[in-house]
Structures are given as C-alpha cells and as structure tokens.
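By letter and in written order, the chains are A, B, C, D and E; residue numbering begins at 1 in each of them.
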Amino acid sequence: MYVKRYLSPLIVYYYSWRMVLFSLFTGSGAIFVYSYLGWQWVAIPWLPVSLIGTATAFFVGFKNNQSYDRSWEARKIWGSITNHSRSFGAALRAYAYKSSSQTSDFDKDVKIMIYRHIAWLYAMKMAMSQRTSWEHKDRASKRQRNTLHGKQVSCDIQIEKYLGASEHAALENKKNLSTQILDLQSQHLAKFRHAGGVDAYQHISLQGIISNLYDEQGKSERIKNTPFPRQYATTSNLFIFVFLTLLPFGLLPQFVELGKEYLLLLIPFNMIVSWVFLFMEYVGDISENPFEGLLNDVPVATIVRNIEIDLIEMLQEEKVPQKLQPFFGALF
Amino acid sequence: MYVKRYLSPLIVYYYSWRMVLFSLFTGSGAIFVYSYLGWQWVAIPWLPVSLIGTATAFFVGFKNNQSYDRSWEARKIWGSITNHSRSFGAALRAYAYKSSSQTSDFDKDVKIMIYRHIAWLYAMKMAMSQRTSWEHKDRASKRQRNTLHGKQVSCDIQIEKYLGASEHAALENKKNLSTQILDLQSQHLAKFRHAGGVDAYQHISLQGIISNLYDEQGKSERIKNTPFPRQYATTSNLFIFVFLTLLPFGLLPQFVELGKEYLLLLIPFNMIVSWVFLFMEYVGDISENPFEGLLNDVPVATIVRNIEIDLIEMLQEEKVPQKLQPFFGALF
Amino acid sequence: MYVKRYLSPLIVYYYSWRMVLFSLFTGSGAIFVYSYLGWQWVAIPWLPVSLIGTATAFFVGFKNNQSYDRSWEARKIWGSITNHSRSFGAALRAYAYKSSSQTSDFDKDVKIMIYRHIAWLYAMKMAMSQRTSWEHKDRASKRQRNTLHGKQVSCDIQIEKYLGASEHAALENKKNLSTQILDLQSQHLAKFRHAGGVDAYQHISLQGIISNLYDEQGKSERIKNTPFPRQYATTSNLFIFVFLTLLPFGLLPQFVELGKEYLLLLIPFNMIVSWVFLFMEYVGDISENPFEGLLNDVPVATIVRNIEIDLIEMLQEEKVPQKLQPFFGALF
Amino acid sequence: MYVKRYLSPLIVYYYSWRMVLFSLFTGSGAIFVYSYLGWQWVAIPWLPVSLIGTATAFFVGFKNNQSYDRSWEARKIWGSITNHSRSFGAALRAYAYKSSSQTSDFDKDVKIMIYRHIAWLYAMKMAMSQRTSWEHKDRASKRQRNTLHGKQVSCDIQIEKYLGASEHAALENKKNLSTQILDLQSQHLAKFRHAGGVDAYQHISLQGIISNLYDEQGKSERIKNTPFPRQYATTSNLFIFVFLTLLPFGLLPQFVELGKEYLLLLIPFNMIVSWVFLFMEYVGDISENPFEGLLNDVPVATIVRNIEIDLIEMLQEEKVPQKLQPFFGALF
Amino acid sequence: MYVKRYLSPLIVYYYSWRMVLFSLFTGSGAIFVYSYLGWQWVAIPWLPVSLIGTATAFFVGFKNNQSYDRSWEARKIWGSITNHSRSFGAALRAYAYKSSSQTSDFDKDVKIMIYRHIAWLYAMKMAMSQRTSWEHKDRASKRQRNTLHGKQVSCDIQIEKYLGASEHAALENKKNLSTQILDLQSQHLAKFRHAGGVDAYQHISLQGIISNLYDEQGKSERIKNTPFPRQYATTSNLFIFVFLTLLPFGLLPQFVELGKEYLLLLIPFNMIVSWVFLFMEYVGDISENPFEGLLNDVPVATIVRNIEIDLIEMLQEEKVPQKLQPFFGALF
C-alpha cells in the first residue's frame, strides 16, 4: 500500500515507458505508411475508431471499478481479521479469568492459544504470498517483491516460533495449514473447557469466534484464488490493443487537414492519448490482485505485525515486536 | 474458472468465428446493395444508427455488470459453504470431545455426520449441474462439458459412498435431496445430544450451523434457478441485432466520401466494429449463469473436493483424496 | 418469471404494437407538417433534441437499474423465506425429538406448527397478490393475471386447510394476517415449552427463527407497498414523451439532406429509434413491481409450493403436492 | 410517499413554474443581446458549453442516485423498525406466558412494556419531524407540511398517552427522548426478570431486541441528521446555473443558421431543454432528505400507525386505531 | 460536516482562486503563443483533447463516487459506535440491576465501566485526529483545523478524567490505546461476574458488545489508515493536468473561427470550463479522507459528545455536558 500523497515520478515513469514506446511505434508507423508509402486510404474515417473507443472505455472503466472493489474487499477482510483477533484475545483472557488460585495453569493455556493464533496469522500471510498463474510474474515485479519482502523473517520461522516445533511438524503435510491450525485451536478449547478453564457458555462463545475466523480465512482465500474473470480481463486487453492500433490512423485526417508540414504533430498527440488510455488500463491491472505483494496491495505483513503487537501487549509481555515502517513510500 | 492470465487465442477464435461471419455478411450486403443495385439511399444518415448504438451500449453494459455480479455472488456463496463446512467440522469434533473413556462411540457418530456433510456437498454439486431451460445447450457447450466433467466420478456414486447405501435409498424419491440430508443431519444431532454426545447449548449451536448451511444452499439454488431476467437479456440481443444490421449502412457515407475505390475498406472496418460489440455482448452472455459447468463458471467440483480434503484431514484419516488440477487452463 | 432463453416473438409483439403506432404517428406528423404544410422551420436543429435525449437516457437507465435491483431484492427475500422455512422445520423437529415414549403427543404439536407455517406462507402469498394503486391495471394485464393464476387454489382455502377452521375464523378481522399467524406460532411455542416439548434454550432459538420470519415478511411487504418513487418514474415518462415527440423533427434535416425523394425513409427510421427507446423504458416498467403477478415477476406461487413440498416431505407424509410447471414459458 | 401511478399534472406544474420563468428569461436575454444590441459574438461556440454540460450531467446524475439511495435506505430502516417491533411484541408475550395462575400480574407488565414501545415509536416520529438547517423551508413546503400533517394528533400527546403522565414528565429534560425510553424499557425488563416474568435466557434475548432497536434508531437519526454532503449539493447547483446561463448563447448559432426569421424559436427550445435539466435536478433535490415530511418522503406516520395496530391487535384489545389513508395521493 | 443548505460564497471563493489563476495562465498562454509568436499549429484538432477529456471525466467521476462512499461508510461506522454505546450502557445497567440490597457496590462498578467506555470514545477520537502522510497539510488546512478544534478540551485530558489517573498511566506506552481500554473493560467485566454483578449469560452477552466495539474500532481505523488508492488518485491528477493544459489549444480553432477580434473570449471561456473540471476534482479531493478534521468531514467531536450526554443521562448524573454547536456553519 502506497502511503505518500502522490506516486513518485519515478514510479510513473517506470509504469509508463513501455507504453510510450508502443505509441511512438504506432504513431510513426501511421505517418510512414501515409507519407512514404503514400497509402492515402489509411487515413480512415473516425467513426469506426470512435465506436471501438467507446467499447474499450466501457471495459476499462468496468475493470477499474471491479479492481478497486476487489482490493477494498480484501482490505475489509484483513480489517475483520484484526477485529476478530482482538476480540479473541480479550474474550479468551476474560473468560479464563479466575478469582481463585489455580490461575497460573490456565494462564499458560491462554498464552499457548494466543500464540497459536499468531501462528495462524502467519500461516494466512504465507498463503497470501503464494504466486498464482494469473499474477504478474515479469522480472520487474519479482525484483519489486524481493526489495519489499526480502528483509522480513520468513513466515515458516514465525509459525514454528509461535506454534512450537512439535505441533508445527505434525501439520507439515496438511493441504491447508490455516484450516488445521484453527481445528487444533478448537480441540484445545474443548480440552480447556473440560479442565475447567472456561464454562460451557464461554466455550461456545469462543468457538463462535473460531467460526468467524474461518469465515475471514475463507474470504481471503476466495479473493486470492479467484482471479478477476479472465474473459473480462482478456477482452479489455484485446479491445485496447485494437483501439490503439487504429487510433493514429483515425487521427491522420485531422492532422492532414492542419497542413502537411504539421503532420509530425500526430506523433506526440497520438502518444499522449495512447499513454492516457494505457495508463488507465494499467492502473486497473495493478489493483486487480490485492495479494500480489506489490506496491499497491493490501499490506498483509504490516497488519499481521500490528495484531501481533496488540496481542502480545494484552499478555503484558515485555518484549513487544516493532511496527513495520514504510519502505520506498509503501507499507507491504 | 479460467486460471491463466489471458484466454488462449484458440478460445478467442472459437468464440469469434460466428461473429466474423455475421459481420462479413452484413458488410458485403451493404456494399452489394449500394454499388451493384445502386440503391444510393441505403447510405443512411448516422444519427439514428448512433442513437440505437447508445441504447445498445447501455443494455450490453448493464448485462455485463449484472453477469459479473451474479458470478461473483455465486463464488461468494460457495466460499461461504467452504467456511461453514470447516466450522461445522471443527465445532462438531470439539464439542464431541470427551475426557472420559466413552469416546470411541461418539467418534463414530462424528465421522458419520462429517461424511454425511460431504454427501450433502455432492448433492449440492449435483443440483448445480442440472441443465435449466435458459442455459447454453448448443453442441459446442455440450462438448465442452463432456471434456471438462467427463472423467469425474459421478455425484451419485460419491453420495452413496459418503451416505451409506441404506440412507441413500431412503432419500431417493425426495424432491430436494440436499434439504432432506440436512434434515437427517438435524435428527442425528438430536439423537447425539440425547445420547450425551453434546450438551444442550452445543446442540443449539450446531443446529445453528445447519441453519447457515440451509441459507447457503438456498442462495445457491436461487442463482441456479433464477435466470438473469429474460426481458433484459432478450432486449440486449434484439438491440444488438438491430444495431449491427444498420451499422454498415450508417458507415457507408463515411467510406463513400473516402473515395469509390476504397469502398471495400468498409468490410474489414465493419467487421472489427461488429466483432467488438458482439464479443462484448458474448462475454456477458457466458458469465450470466455461473453454474453451467463451462469454462468461466464457478469451479464447484474443485471447491467440493477442497472441502472434502479439509474434513478428511480433520478426521486424521490416511487416505486423503487428491486436489483437482487445471485442465486446458480451467478449474471446473 | 419467464424461463425460456428468449422472450417469444409474440410477447415482443404484444409489448411493442402500441409503441409502433405512436412512432408512426409522430413520424408521419413531422413529414406532413414539413412537406404538405411547408413549415420548413420544423426541421429543428439536432442539438436541443440531443440534450433532451441525454437526460432521457440517464433517467431510463436509472429506472432500469433500480427496477432490476428491486426485483432481485424481492427474489432474495423469497429465497430467505425458503431457507428460514426449511431451518424452522428441521430445527423444530430436531428439538422436539425425544428418546422417551411420550413422543406421539409432541409429534402432533410439531405437525400443527409446521402446518401453521405453511398457512403463513399462503397468507404471505395472498398479501403479495393484492393490487396497489401504482401497479398495471390495464385490461391486458388483468387478462394475463387471470390466465396465469386462474387455475390455482385460492389462498384463502389453503390457509383454512393448513390453519384449521376455528383458528382461521379467529383471525378473520385482523389487519395483518401474517403478523398474527406468527404471533400465534410464538404463543404455541411458549405452551410447547411449558409442556416439555422443547427446553428453555431451544425455545429461544426457535423464537429467533420466528424473528427472522418477521424480518423477511416485513421486507417483502416493504417492496410490495413502497413503489419505485413516483417522482422518478413520472419524470422518466415525461422526458421520453418530450424526446420522442421532438425526435422526428430533429431527424428531418438529416433526411432532407439525403434528398427529397427519400424523405419518407424518415418514417421507418424514426420508428426503429422510437421503438428502441420505448422498449427500453418498458422493460424497466414491467420489472418495477416484482409482485404484480405478471410474466416477469417473482414466482411466489412456485416458491411457496416448493417449501410446502419440502416441509411435508420432512413430516414423512404420504401425499405430497405436485411442483408447479411452467405455463406459456413462465413460472408464476 | 406518493402512491398514484403518476404525479398529478398539478404537482408537475407546481414544481415547474419557476424553472419556466428562469429559462424564458435567459432565452429572451440571449436574443435581446444578439439582435437588439447586435453583439454577434455572444453566439459562442458550442464546445465549452457542452463540456460544462457533461460535468453538470455527471453531478446531477450522481446526486439523483445518492438521493434515491438515501431514501431507500431510510425506507429500509423503518421497515426494520416494523419487523423488530413485531418480533418484540410476539417474543415478549410468548416469554411471559405462564401455565400457572400468576399470569394476570405479568400481563400488566407486558402491556406496559408494549405501550412503552409504542411511545418510543412516537418519540422517533417526533425526532424525525424536527427541521434541520438544510431542509426545504420555503413557504410552499411549509404549507404542504401543514396540509399533510395538520390533522394528526401531536406526537407529544401520543407519547404521554402510551407512556403515562409520570414517566413522561420524568423524561422531559432528556436530550434524546427515544434513547432514554429504551433505557427505561431495559430497566423494566430487568425488574420483570427478577420478579419471575421471564427467565435469564429470555431476558438476554429480549435485551438483544432492545439493542436492535437502538441500532435502527441510530440509523434513522444518522440519515436525519447527516445531510447529503453540501459540497456535492452546492456544486451540482453551481454547475447547473452556469450551464443554463450559457445554454441559450450556445444554441444561438444553431438557430441563426436556421434563418433570422426563426430566431425566436430559440426561446421555446431553450425553455424545454432548461426545464428538462432543472426538473432532473429538482427530482433529486426533493428526494434528498427522506424525513422532511413532504410529498415524496418516507411515510413515518403511516408506518408508526401500522405497527401500533399490529401490537394492539396482539394484545387482543378491542379499540384498534384506524389505518391512515392516502391524502391528495400521498401517504405521509 | 457542513450543515447549511449551501456552501457560503466565501468557501467557494477560497476553494477556487488557485484554479482561476491556473486557467488564466493557460488561456493567456495559448493566445500568446498563437497570436504573438504566430505558431498557428498550436490550434490543435479537438479530437485528441476530447479523448483525454473522456478518460479524465471517468477518473474524476470514479474518484468522486468512491470519496462519497468512503465518507458515508465512515459516517455509518460512527453511527454504529453510537448505537453500540447506547446498547452497552442500557444492557450493563439492566443486567447489573439487583432487587436485593447489595446494589450500591455494583453501581460503582457500572459507573466505572461506563466512564471507561467514554474514555474509549475519546481515545478513538484522538486516534482519528492523527495526521497521515496522504492528508492535506497545506497552511490553509492547518489554519482551518486550528479554528475548528482549537477550543476543544484535549482528548488526553478527557481520557484521564474518565479513566482515572492510575489506569491512564498504566496504558501510556501501549501502541494502540483503544484496543487496550477495551481489553481492560473485558477484564473488569470478568471480575464483575465473579463478584456476582452479572450472571454467566449476561457476561457473555456484554462481552459480545465489546466484540462489536472492537469491530467498529477496527473499521474506523481501516478508513483512517488506508488511503483512497494513491495510484487512482495520482492518475486522476495527472490526467486533469494534461487535459487542462491542452484544453485552451483545443478551443483555439473554435474561437479563431468566431473572428480574430473575439479571440480574447477564449480566456473567460477556458477559465469557466477549467474551473468546472478542477472544482469537480477538488470536491472529491476534500471528501476523500473523512477524518481529516476539516469542514466536510465526519463530525467525530460532536458524535462523541452526544454519546457522552446519553450515557451520563442514563447514569442520572446531574452535571450533563453541553451539545456542541455549529461553528462557521459546520459541525466538527
């Protein structure tokens, strides 16, 4: 998640240079064919180009809207994970509170369960950082991911730290780690109840929070594992390619009218217009998958760390981890 | 659900060839009537054509938006089914946990109920794979379905496997299989409670999850059995047909102006524009019914299998089924 | 609810003929005034007409969107009624399950309550089939309603059948029948609990389902009794009337340019454009009130019958009513 | 809430006459300056006018959409108030039901609480009928309010009637009457529980309904007390004023072209276009605040009365109040 | 939150003067280059400018819509905080009600908890008034904040007042104050239950309200700490800058046609159009972050004070704080 007021010019440049090259090529191509080859008929009427432009605009707009909705939904889900985590911590500790003396034993259980919850958070983070077949995998994206995430402690280590080595090993071959951690949590709660740590109603109430966590886990996996429908995305790309290929030819008559000596003006103007449309499309493209680990995505690492801090502060422990700081203007 | 970054060119071709033929026909027709028959008045003014284009664009856009919403809602419902299934498994096992020795008997009940839940999932899958009167039933769609679903074990067999033969037989004549499976589940829970497997509060809490499952079942059936309103869909089709029939005639004056020798350029440009509009419409069309079992639909089989794996792993069984793999770039 | 892939041409014709007549009239009128009366100034500039067209398109589009949302919301509500009904049936039977021998008495109570629930469904259906002051009441609509609903058993008879004659009589003068049936249900549940049929927690849980049913009832009544805001609907109509009256005059200059001998072409083209706009408006108009009992409305009778079947199958009764079949391509 | 199919012509006239005057003035002004003063340059190019028109259309459309959403949300809230009220009445009576003889005392408590609930409804109605600083306060609106609401019994009297004089007096100086009535209700429920009227679980369940009522109260107050953001509303007004002032000058070249003798045609056409845009804006304007007590608003009085009837019928009282009838085609 | 019907002209002026300067500059620049330098080719064709205008309009419209949604969502969250606070107050007091004599002690606990809740509100207000890196930080905004908030008692003092000095000190170094206050609340509730203040079910029900408060806290923090995606915001700014720079050149041909002597008319018309687009963009810009503490934001201080009043009135205390009054037409 980028957190400065405006994207830095460097980022804009970095996003734009391919687009500029493409439009320089189409613009010069049109002039070359018209002037040097003398194929005057390539100065096609504007009407068909404009109709394609309309359809393109619709699709790009649609994609941008839905990309925004997807990333906002993803942000909401991780917001809910924050809320349910705090609720779980506060409720578990409150329910386990005992006025009598046998507390110390229960306190240990509470701590194990809250630690296991943090392990679940890191398991979720790990699941979100897998690569899917529709995400950006070009070299630049990989470099970006390395820069942003390279210095973090790996999820695996964090999970082992909070789960304990033996439990971690037992879960190794499970298909879905997070699901099984919550199942362990449920089993532990059941034992905790039988040991007298919580009563029957509190048990059900805490199990209800586990259900809520299953909900948010499932929602997060849904967005991670369901792409923006590829038929819409592909169409958006196809249309923009067709449109921008025809554009300089459709602009030709306008600039021919202006006078032969100004024909070269077509190139910068075609470039500006093409850049605008490609950039518009690209903005949707980089917002489509909110868990790619890139500049504009949901800052899962930051959120997980903030919850970790809140829970560890609830346990009154002395060593509280540090908040993550923006890096190149982004939280990640 | 298609999972590669872009639809393969083959699929685009496969979707497009009818559209190209149609537009070649209208384009040549317009030229034939204008040049050979010499009916110059068919070069009609652009204005009425453009007005119809506006109405068409509105309807197609509306249809595309709603189709997306329908398929996203369907995906959300099956996400919820995942979440409630995991909650059900974890909670049932936790509630049935006993510190005393009588466990083994209760364990059998738990296993039967979790198996019955998997049977319910397959019953839901079967219900979603029925054909309705408004779904695509052309030969190509049938071939696609056969290819994608041909190798799966039939739902009926899976249901029998997880439900047991006698229970399966007793439900045979019921109008709605899934409804009655959840009713059986409720009855079993009641007996389980009376046998001491769960206490009174846990019983109500588990029955609450059954209610949630009824909710998701009903939502899924609603989308399956309620088409995108046919008055909107039909209108969208009518308008696009009227618009594309008039289009080449409306483009005629533009190309006539360009010079008689370039008149044939009308044909490719009419084709590109027609293709763009038809493709736009078609993208909505194939996203309209999320449970048709085609390339872009909700991957019910994959989701059901993933839940199956999670539940069977919870039961610590040794033989865990395999995840489904993408086939021709699609999960199904 | 229409369930074929496309509206039959007959329905399109039946919806369209008035529109065609209207546009023939305005088109001929424009030509008459221009050619025969020779008032050349009626060939007004296109600009003001186009501005009104824009406003009209906005309103018609807005109305279509909202009409769709209203009918989809209505469908969702009746989907929820289905889900809560099944939950109610399954939970009530599960909670009333007893291992001891006194069952038979409780079974009777359960049956009475489930029957009363079906009576509530028919009371809801009856409430939805009242006519309000803003619904279509032309002769054609009445004829359509008679054809679609004429053969159904009247709700009154069904209510009496499922409620019993004495209870039915006691409710006769109540302002809102459904509300009072659910109140009776609540009273019966209370007595059932005191008789030992369910325990204290189960009682509250079942009463919670009654609350959910009150919610869905109220939502359904809200859509039934609150029209799409008349100020928006009226404006949409006013604008389309103004626009289509000016349209042929705005088109005149275009066709005059084409040549005097082709002036009559104005009539078919004005007709097509007018038809497109009127049809677009009409599609929203017939989707606006989802409980009118017409071709495109929520199929309340079908849904009620399906729930009836599910509940009666739960009771293991032998005589299960038949599903309703599509009639002239529509469920109703 | 207007309940006839179309707004009566009188209302349209009443809404429109100021707009017509304004546009007559701008139209004549343009002609006067152009023809009599001979300032030919006032026939400005259409392009800048059209750009402003686009921005205006966006803002007016946005405002109309949001106004609709606000009034539909308000209607939903009052629908929920209906549902929770019925649930409260039915549940309270069911929970207080006793098989033993001590009923009569509890019945009195139930009646007091249901009466207090009706008092809460009237307190809510009173809160909704306060005037805020952004509502319509012109003379015509005041006259309309007087006509529609003049004959109703004042809320104060109803509250006193249902609350009893002493309780009413005790609440007199509270800042938020409805909040404190629900607090009284909570206190009464607590006493009722301690007296044995309901048990511990029922108490919590009923208190849960009180929480729901607090929710709906707060939502209703939110819409009442938060205007449609004034920065958007003001911008919409500014833009429409700028646009309609420039419009006749932008239309001038069109009508000049038509011929000098037809220049006066500008006046009616400018009028129609201006009226369309102003009317469009006005429709949003009068739908913006759903609790103004005017023609198109949420019919709070009618809803409150309907709930009153339902609750009093539940109590089996003999004197049931009458439903409110539409007045000049509107429920209020 | 601005509460007068229209923004005062002063505010419009204050928002607009920079825009006017910018457009005067671009307009004069275009004329200077065209007339004085005689570079006639700068009178570029309208088409590319119009295409960029379309993309700009899309982005600005999108931003305005989402800004509105963000601020309405923020308002809803604080509405929910109101509702849950009232529910908490009413339920806590009702549950703690005892018929016996030991009340006075419990009353003290109730008061401490309700006071702590008010402290939580002020902690939330304080969190919302931190500045983030994407909010407006120009001198004018700072001055506005000082004027609006300068006279309020600082949150810190209020928190200390309601929390008590010792508890306040203990929380000083916590990373998230509000989270830890709710945790304290949970601990207090647990002790209260063990002391007999509430029973087991009431305890769980109250802890459920704490969970709801965690939810609303997290939602509010989400909107505060997640900016409107900067890639969309930056694009909107870039496009409007490109568009308005090209605009006067695109308008040149229109005014050249009008006649050389009227060329200067370009300046006012360019100004009006530029102002309209910049103002439109700005309206979204100032609605984007609903917790900036500026004129159009969610009036957190007012809402917190209203809840404070309601809760203190529930406690029947004599000294009730005053409602906040609008200041320069705004609640804040």
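One rule holds in what follows: a residue touches a chain if its C-beta (ideal position, glycine included) is under 8 Å from a C-beta of that chain, and two chains touch if they have at least 3 such contacts.
To keep track of the chains, here are their UniProt names: A, B, C, D, E = Bestrophin, RFP-TM, chloride channel.
Keep in mind that this is a model prediction, so the values were computed, not measured.
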Task = State which chains count as neighbours of subunit A and simultaneously of subunit D.
result = E
Request  = Indicate the whole-number Å distance between the mean C-alpha point of subunit B and the mean C-alpha point of subunit C.
outcome  = 25
Ask   = Cα centroid separation between subunit B and subunit E, in whole Å?
value = 40
Multi-partner residues of subunit B (each touching 2 or more other chains) = 201
Request  = Head round the ring from subunit A, going the subunit B way, and note every chain as it comes up.
outcome  = A, B, C, D, E
Request  = Sort out for me which residues of subunit D touch subunit C in the complex.
outcome  = 1-7, 12, 46, 53, 57, 61, 64-65, 68, 71, 75-76, 79-80, 82-83, 86-87, 89-91, 93-95, 97-99, 199, 201-202, 205, 209, 251, 254-255, 257-259, 262, 265, 269-270, 272-273, 276-277, 279-280, 283, 286-287, 296, 306, 309-310, 313-314, 320, 323, 326
Remark   = So, in the complex, the side of subunit A touching subunit B is made of residues 41, 44-45, 47-48, 51-52, 54-55, 58-59, 62, 66, 132-134, 174-176, 179-180, 182-183, 186-187, 189-191, 194, 200-201, 204, 207-208, 210-211, 214-215, 217-219, 221-222, 226-227, 229-235, 237-239, 242, 246
